[in-house]
Structures are given as structure tokens and as C-alpha cells.
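Before anything else, here is the set of structures, which you'll find just below.
Look at the two complexes coming up: chain A is in both, with chain B in one and chain C in the other.
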Partner chain A sequence: MTVKMEASAGGIPHDTVMAYGLIGSLVGIYLTYLNVLSGTEIFSFFGGLAAIAALVWGANTIKHLCSYGLGTGVPSAGMIALGSGAIAMIFASRYGMLAPIVAVIVAGILGAIVGFVSNKIVNMNIPVMERSLTELSIVGAMSLMGFTAMLGGTFIFDEMVAGTSTFLGFVFADYGMSIIGGSTLAVTFMLAAIALQHPFNACLGPGEQQDRTLMLGAECGFLSMIPIALMSFAFISFASAVIALLVSVAGWCWTYVQFIELSKRDAYAWLDAKPIHEPKGGE
Partner chain B sequence: MENILFGIGITAVAGALATIAGAAEDTESDIGSQGDPNSQVQLAPQMGFIHRIYNKAISGEPPAYGLWCAIGAGVAWAFMAVQVNAILAIILGSLVATLVQGAYATTAYLGRTASLANFEQPVYIDLIRSVTTVTMAHAFVAIFTTVAMCYLMNTALGHPFPLPLLALVWGIALGAAGSATGNPFYGKERQYQEQPFGAGVSISASGTIVRYGEAGQRSSLDNGWFTSKMGGPASGICFGLIVFFELWRTVIFEHMAGGWGAVIVGVVLIFIFMALDRYIEVWARKTFGPYAKPEEAEATA
Partner chain C sequence: MSALGGAAGGSEGFSSPIGVGVGVLLILVSLGMAYYFGQMATVIALIGIIVGGLLIGFGVHFVPVGGAPAAMGQSPGIATGVAMLAAGAGLAGLFGGAWAAEFGFAIALAAGAVGGALMMAITCFMVNVVYIFAMGVPSASGKVDKDPITGDTFPEYKSQGTEGHGLPFVSYVGGVVGGMMGGLGGTLIYIELLYVYEGVLPVMLDAGVEEIMPLAVSLAGIFAIGMFLVNAVIAAYNIGGTIEGPHDPKFARWPRAVIGAAVASAVCGIAAIMLVMV
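What follows is the complex of A and B.
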């Protein structure tokens, strides 16, 4: 078994982060259903906020999993989360209104299987492996579903494969212009995967602090929302996409400034155009 | 016949775009210290060597470039769907991807450096201003050329994949080409110039990266000058050849042997390149002499 090296002690307990992340992402995804109830697409941006709740939770999970000496494994954890989560998310999207809950259950089962294989068959022997990969798989499914709901205003499969194109004023059904047919789902996949692994990968080291890492998680989430808001111009109404873009940019600016403040707090020194500082006892 | 001539023309243009993309990608990643040499930049302060080198730990280059190119292509695809001109859409998509890359780069540097406070490594914010913009400029070139190349494959050659998926796949290939071909120049040669050439880097030398230049202190921008001469062009040739041969064999041999022609030519090409690589390796060993044995190296040290 590898030795556990906890990067930072204290902070919010992981179970609390998990509870907020799970409930926040489910509530956020269901809030996009207001689109159907109100007959508009104005509530799409709640999908992005749901994804951020999941990503912050996932960043904390990766921190726990990768504190067992998995330095170069941090980006891989993001990929495997989205890989198993994407299967669950697409499968669950067939279940209409129940899709988010089905996604959580299916992703949990898939993650547990992946965790069992990694720990018992590949023999990685990390105590928190099964639980972490189960959580990460749910995080992957929730973040992908949230971003997809933000992109097209829906998390229902039939609407994700339906697109239209216009030729000489006539509107035609065109699978190639849909969320899945146009492969914009691939973009959301990568946006969520890199945003999930980046917070701990960027903050790892002996001086890692939970609040800084999780703030970076939120920053990455809002940053991912910006390209999704821009892509959503192809799928939802102009006003809805503009609102999504404004929410994304405002959220990103706030979290980015907060992250810089926290980095300034934790840094050894904050120097501008100064020579290399040679420590005492160094060269 | 005209179809094939047209296809060959597009293949040549795509290969040229890929060559530029490869050179720009490797220069970008070396200036920012991304990829495998990054581990030494991360390790140096822990060994007592405080430095002014950028620390752009985003992920491996292949996933990172998969994301940048996918964002560029995804936004371009969406803008084209709302009737924006293709070239303008690709430029705007690449611009958005570049801004995302820049934001990721700064948070990676700040996060990693702040977590090294125990080892007295300060954050040099002038580095963020000077280096980030240079990596963003190179990233824009790499993303724009890759997305433009994918657009050509999609529209001119009729590739069945949609533009964002095609850009994701080729972005991963671009990152892999730059990481595998260009990084050894930077990691093994540039970071360890005080080590004897060809000796390899021993474990005891880990983290003792070159921090001072001929005049003054070295910043990551100096890596751009070095890489644009060595690793960048090598990566460009690598990625350009990959794209060129991939399209060339498909355009010319696709209809031969019931569709298997392109696959057979692909396998033959792999064997030809294996033979060439082996020849170059043997030639280099003979020309530059055998590596010194460890006992001899210790005796002379």
C-alpha cells in the first residue's frame, strides 16, 4: 500500500462537501426543467451552476484520492470520472424527468465497478479507491449533464439528437446540427474533465489549502461555462444565451480575483520584477 | 482524377498547417514548462534551487491540447451554425480557446508556486504578465492552424466526423507529437546544460535546473528562443508528416482493394518509418560514439 500524505489538514469535512455537491448539482439540473414548465430557455444557465457544484465536490474527492502519492495520476482521475460518467449520463437521459436521479444511480454502480477493478484486480491497493471512483463517476455524470443542459436547455435524449438547419428560408430536421450529432458533447466532456482535475493538480504541494483548491474548482467551472455559453447561441434563444454568458463571465471574474487573493495569502512572497531569492543555506 | 488532384492539394495545405501547429505547440509548452520537464521545475525549489521559470501544470499536453482545439472548433462550429463566415468563426473560436488557455496557465502557476511557500519559492508576478501572453500567442497559432486543418478535412475532403470531434482527436495528436518529439530537447538539454552531453541526468542532479543565463537570470522566455531552433521545428515536422501521410494514403488508396488499400499502405508506411528510425539511431550511436560506462565516468569525475 502506498503511504498517505495529506496535503492540508482541517477545512470543511469531505462528507459535508459531498452533500453540498450532490444536492447542489441535482437541484441545479432540475432548475433547468423550469425551461419546459415556463416554455422558455432562460433557465439554462442553472445547468452550469449545477456542474460547478459537482466539480467543487469532485476537486475535493481528487484531493483525497491523490494524496496517496498519485502525482501524475491527477489528470487521469479527471478523465476516468468523465469516461464512466458520460456512459451513465447518456443512458440516463432516456428517462425524461427522472434522468438526473437515474444518472446518479447508474454512475454510482459504474464507478464502484471501476473502483473494484482498479483496487482488487489491477492491485493499486488504495483504501479510498472504491469510494472515490464511485464519487468521481457521479461527479462526471452530473457535471456533463449540467453543462449539456446549459448548452441546449435540455437533458432529455430525444431533444439532444434533434437539430434543425435552415436553407432558403425553409427549416429542415438535421441530426448533424444537434448537441450529440454535432459532437458539441465532446467539447463539454473535455471542459468538464480538465476543470475537474485542474484544481488539485494546480494547487498540489506541501502548502496546499482546501479553500484555495476549492475556489479554483469554482473558477474552472465558471471558466468552462464561458465557451458553453458561446456555443449555446446555436441551440437556445439569443436572450437566454446572453444571460448565460453574463452569469459565466461575472462568476468567473469574481472567483478568479478570489483565487488570486488566496494565492497571495498563501505565497511565500509576492514579488514584482525582483531577482531570484536565494534561501539561507542554499547555493 | 480531378478529385484526386484536389485531394492532394488539400492534403498539402493541411500538412503545412500541421507543421506550423506542431512548431507553435512545442514552443508554447516549453515557454510555459508544461509536460514532462515540468516535474523538474516543480522539484527544483524543494532541492533549494529557487527559480524564475514558469510552472504551467495544466495536465499532460495531449489532454490540454485536446481541450483547446475542441473549444476552438466547438465555438467555431456554433458560430458557423448561426451563419457566421467560416474563417471569422474559426478565428473567434481560437481566440476564445486561447483566453481559456491563458486563464488556466495563470492559475496553474499561482497555485503551484503558492503551495511551495515552505521552500521559500516566491511568486514572481512579472512572470505572469510577460510569459503568459507569449504562451497565449503561440497557443493561438497552434489552435487556429489545427482547427483550420480540421475544417479542411471536414468540408473539402468530406471527413464523416463533425468539426469539434475531429479537432479533439487531432488536438490530442498534436499535444502527443509536441510532447514526445519536442520536450526531450527542452527537458534533457536546455534544463541541464551544465551536465556533460550524452551522459543522461543522474538522480542526484534532479532539480538542479539551469537558472542563470549568460547575462542575468533566466526566465522561461529564453526557452522560446531555444525551442524555436530545435524542438519546435522537430515537432512541426513530426506532426506535419503524421497529418500529410494520414491524408495522402486515404486520398490516393481509399478505393483500392475494396477499401483496404489505405490500411495496407498505412501499415507499409509504419514499417518504412521503423526501418528509417532504426537506421538513424544506429548511425547516431556510431557517429557520436558509445556512451561512457558508469565506472569510467566516476573515475574521471
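What follows is the complex of A and C.
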């Protein structure tokens, strides 16, 4: 028994969304490099915005892939995306300035192979499988790299493994205090995966509209940015982390209001039910 | 069929010969790269990773997955998707194995297998408690008339219009076996990567083994989780939704998932190893 997946046709063409997502995420990640050029960590929040560009693109890809009956539920697509994307992203981070571009290439290769395995060896025979898993793998790598850049202000391996701790006034190297050594990647992984798999899973059905699904994608992305901004207090300067937090909260509030507006637009009827008032004094 | 015009995926029959051929070629290329960039120990580590992936891909087929219909008591199995269930069992095993890593290879693998099996045993038990005492449905399989292990008969307990409900004994055993294999496979990937990183990272970063341990553990852990999820989802695509356990006719599809998991593990594994080799 498979659940019927319904998705709307029309809206912005997928190739356009893909172009915006890919370019937006690459530009966003490279903007965090302004940190190095300016000697500050103020520009870290661009990493989060890059991740959101990738996640919105990913939500549209998942919509295309999951409108075929996969039979396994929408979240599995988010999991395989981040699973292969995480491997590509960490591998690519070794290449310094070229890391985001190498991440796109390596994630593309991994995704294409996983798509080939799913279609030709596991016999899924879904026409968009190879392309969708290639895109999703890139989305996974870019969202993870974006969030990591936001968390620590860098996407370069040598800086991600470097950490310091202070003991009795002396500062010394401590790999356990670094982004990778502190295992923050595991949290980032899940935050990105949840933001990627939720939008279409929540919006699918007869009244699905592309702009509402993508707005929910952006909303989930900003929601994931908030914990990343909180975690970044441990790795970047206080002022930079406050800016990242303000951007995340402001972005989330705006996208949330927009999403509710779109939901009201698409709803058949809307009843603004007030909370039930408890009588004072109990009973 | 969907609004976008796509038909349901998944089919019976064995993989296409071209697919298997290209898959074997990819595994051989990965092994060759491991030998070229490392040495024999790297090749053995990659083989360990591939075997771990095989175990995950095979083990997932044992786990009774019911999906949404199971939540309504309309089909047997645990009421969630394959990917979530496999991730739960595998990660529980992985944590067990990672904790025991310092006690040696065999104990770590055993701890991983026991961790995964324990997680599934508890899940299956609580699922049956909810089915029997909260929803009030008896355990009955829709795919077979008799439990292959206990010999209990099912048709007289099966409600009309359903595909069976609850978690029969054979599905429970399948769940535990699947959890054991998943935990074992996940731990094997983790341990092999940990040994590689423990060997290379001190040279690369010019630091002591004790100092780089947080890095090695974290990297091996995140790669093991990533590979686990890739293998589990490939197996989930192979099952195509729901499976009752080892007695389900869909169980016979396992060779496809095992080949697929081997190819995916080899490619992902070589990326994880090359991180520190190049």
C-alpha cells in the first residue's frame, strides 16, 4: 500500500530554482571568506543564508523526486542527501579556497553514483532518480558547508580542526574544542536534514503550491539557523554571533508570517480560533 | 501516478547486467585507488567498510517496517519508515560500538551488534504492548498463514480489509536480527575509519595520538552515520515501503540491495579515506 503523493505542476521552472539555489549557495559561502579578508567574523551569517538557498532548491528537488511513488516516505530522500553530502563536504574542505566548488563536484559524483545504484541496481526505474539524487547530494553538501561556515566562520579543514582552550591563563591547542573535534557536524547534519525533508512532507497533497512549499523550506532553514547561531557563540566572537542570531530570528519571523499568509490564501476557509480561556480560580 | 505524471517506482526481477557490471567496476576502481594512495592496510580498511555496508543493506530487510498503514493497525510491522527505523537501530549500535572501541576490535563489534539488537528488541516489544493493550489488535501476518517459527496460525485473527496487524513472533525475531546486523555493519565502518585516522592524522597534523583522538572519533563517527544512512535508504528503496520480516516475499529482493550497498559503500568509503590520504 503506497500513499498517493500529489504535487502541483507549474510555478517557477525547476531549472530556474536550481540555478538560483546553486549560485546563491556558492556566493553565500564565498561571502563568509570576507571574514579572512577583513580580519573579523562578522560575515559568518552569510553561510546560513547560503544553506537556505540550497535548502529551498532541495525542497523543490524533493518535490519532483517524491511525486513518483518511492514508497519509503519523503524523509528518506533528505537522509540520503545529507548522508552523501556530508562525505563530499568534509572531503572537499581540504581544498582551501576551492572547497565549495570541489564540494559541488564531489557531491555531484557521489550523488550520480548513488542515483545510478538506485535506478539500475535496485531497479527503481524512476526517470528523474539520477538527476534528483545528484542535486540532493549537492544540496546536502552545500547546506552543511554553509551551516558549518556560519558556525565557525570558516569552511577550510585546517581551520575547522584547530581549536584552543585556556588553562590557568595559558592558551594551548586543543583539538577537542574545534568544530570537527567538538562533533558539531553531527548536530549540523540533523538540523540541515530536518529542514530539507520537512517542507514537501508537510505540504504535499491536492492543494500543494510551489511558493508555499518553498516558503516553508526557507522558514525551516531559518529555524535551523537559530540553534546554529546559538552554537556559534562558542566559536566566533560575541558580536558576530549576536548578528547571526538576529539575522536568523528576523528571517524566521518574516518567513513564518509569509508562510501563514500563503496557507491562508490556499485554505478553503480560515477560522481564527482564540485560545480557550480557563476560568479563574480553578474548577 | 501523480500530478507530474510519474508512475510508481520499484519493480521485481534482478538488476540489469549493465548496472551490476558498472557497479563491480566502481568497486574495483575504489579498491585500486585505496591501494594507489595508501597501502595494503588501506585496501583492507576499505574492504571492511564495504562489508559493513553489505551487512547494513542486508540487515534492513529483516526489520518489520509497517509505515503509515501500521499506525492505523491495517498492516503488520512497526509504524514508521525504513530509513528512520534502520537509522535508529544502526545509530544505537554505532554508539554502543564506539563506546567499546577502546576494548579492541572484536568487543567493539559485539557491542555494536548487541546495541542495535537491543534497540530493536525494546522497540518491537513496546510496539506490541501498544498494539495489543492500547489498540486492541492481535498479532497476525497478512503474507503467510502460519508463523514459520512458532507455527501459530494467522487467518482467523486477521481483520477483514486489512493486510494483517500487530507484530508476529517471526517479525519480532527479524527485527532483532536486522538490528544486530545494522549495528554490526555501522560499527565495522566506524572502527575501520577510526583506525585509518588514528594512523594518519598524527603525521598530518604533527600531534600526538591522544591529542587527535577527538578529531578521529568525530570524523569517523560522522562518516559512519553518513554511509549508514546512504546504505539504509538504498535498502529502503529496494523494499519499497513496507516489509513484514524474513518471511515476506519481498525479502527475496535482498541481493539487489546488497550489490547496491557494496557499490555505494565503496565509493563513499574511498572519499572518507582519501580525506586524509591525499
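The rule is short, and it goes like this: the second predicted complex is superposed on the first by the 262 of 283 C-alpha atoms of A that agree within 3 Å, B and C clash if a C-alpha of one lies under 4 Å from a C-alpha of the other, contacts with A are read in each partner's own complex, and residues count from 1 in each chain.
Just so we're on the same page, a residue touches a chain if its C-beta (ideal position, glycine included) is under 8 Å from a C-beta of that chain, and two chains touch if they have at least 3 such contacts.
All values reported here derive from a predicted model rather than from experimental measurement.
**Student:** Determine, under the contact definition given at the top, whether A:G207 touches first (chain B), second (chain C), both, or neither.
**Tutor:** first
**Student:** Which of the two partners, first being chain B and second being chain C, lies in contact with A:L216: first, second, both, or neither?
**Tutor:** first
**Student:** Quick one: is A:I226 in contact with chain B, with chain C, with both, or with neither? Answer first, second, both or neither.
**Tutor:** After superposition on chain A, A:I226 lies in contact with chain B alone.
**Student:** So in the superposed three-chain picture, is A:A59 touching just chain B, just chain C, both, or none of them (first/second/both/neither)?
**Tutor:** Touch partners of A:A59: none, neither chain B nor chain C.
**Student:** Could you tell me if A:Y68 is touching chain B, chain C, both of them or neither one (first, second, both, neither)?
**Tutor:** A:Y68 contacts chain C only, not chain B.
**Student:** Would you check which partner chain A:V17 touches, where first means chain B only, second means chain C only, and both and neither mean what they say?
**Tutor:** Once the two structures are laid over each other on A, A:V17 reaches no partner at all.
**Student:** Given the touch rule stated above, what does A:I126 touch, chain B (first), chain C (second), both, or neither?
**Tutor:** Only chain C is touched by A:I126; chain B is not.
**Student:** Could you say whether A:Y268 touches chain B, chain C, both of them, or neither, answering first, second, both or neither?
**Tutor:** first
**Student:** Would you check which partner chain A:I260 touches, where first means chain B only, second means chain C only, and both and neither mean what they say?
**Tutor:** first
**Student:** Where on chain A do the contacts from chain B and from chain C line up?
**Tutor:** 7, 75, 79, 176, 181-183, 186
**Student:** Where on chain B does chain A make contact in their complex?
**Tutor:** 42, 48-52, 57-60, 63-64, 66-67, 70-71, 73-75, 77-79, 81-82, 96-97, 100, 103-104, 107-108, 110-126, 161-165, 168, 211-212, 217
**Student:** Write out the stretch or stretches of chain A touching chain C in their complex.
**Tutor:** Interface residues on chain A, with respect to chain C: 1-9, 64, 67-73, 75-77, 79-80, 82-88, 90-91, 94, 106, 110, 113-114, 116-129, 161, 173-176, 178, 180-183, 185-186, 189.
**Student:** Where on chain C is chain A touching in the complex?
**Tutor:** 2-4, 6-11, 13-16, 18-20, 22-23, 26, 67-69, 74-75, 81-84, 87, 163, 205, 207, 211-215, 217-219, 221-223, 225-230, 232-234, 236-242, 256-257, 259-260, 263-264, 267-268, 271-272, 274-275, 278
**Student:** Quick one: which bits of chain A touch chain B in the complex? Just the residue numbers, please.
**Tutor:** Within the complex, chain A contacts chain B at residues 7, 74-75, 78-79, 165, 176-177, 181-184, 186-187, 190-191, 193-194, 197-199, 201-208, 212-213, 216, 219-220, 223, 226-227, 230-235, 252, 256, 259-260, 262-264, 266-279, 281-283.
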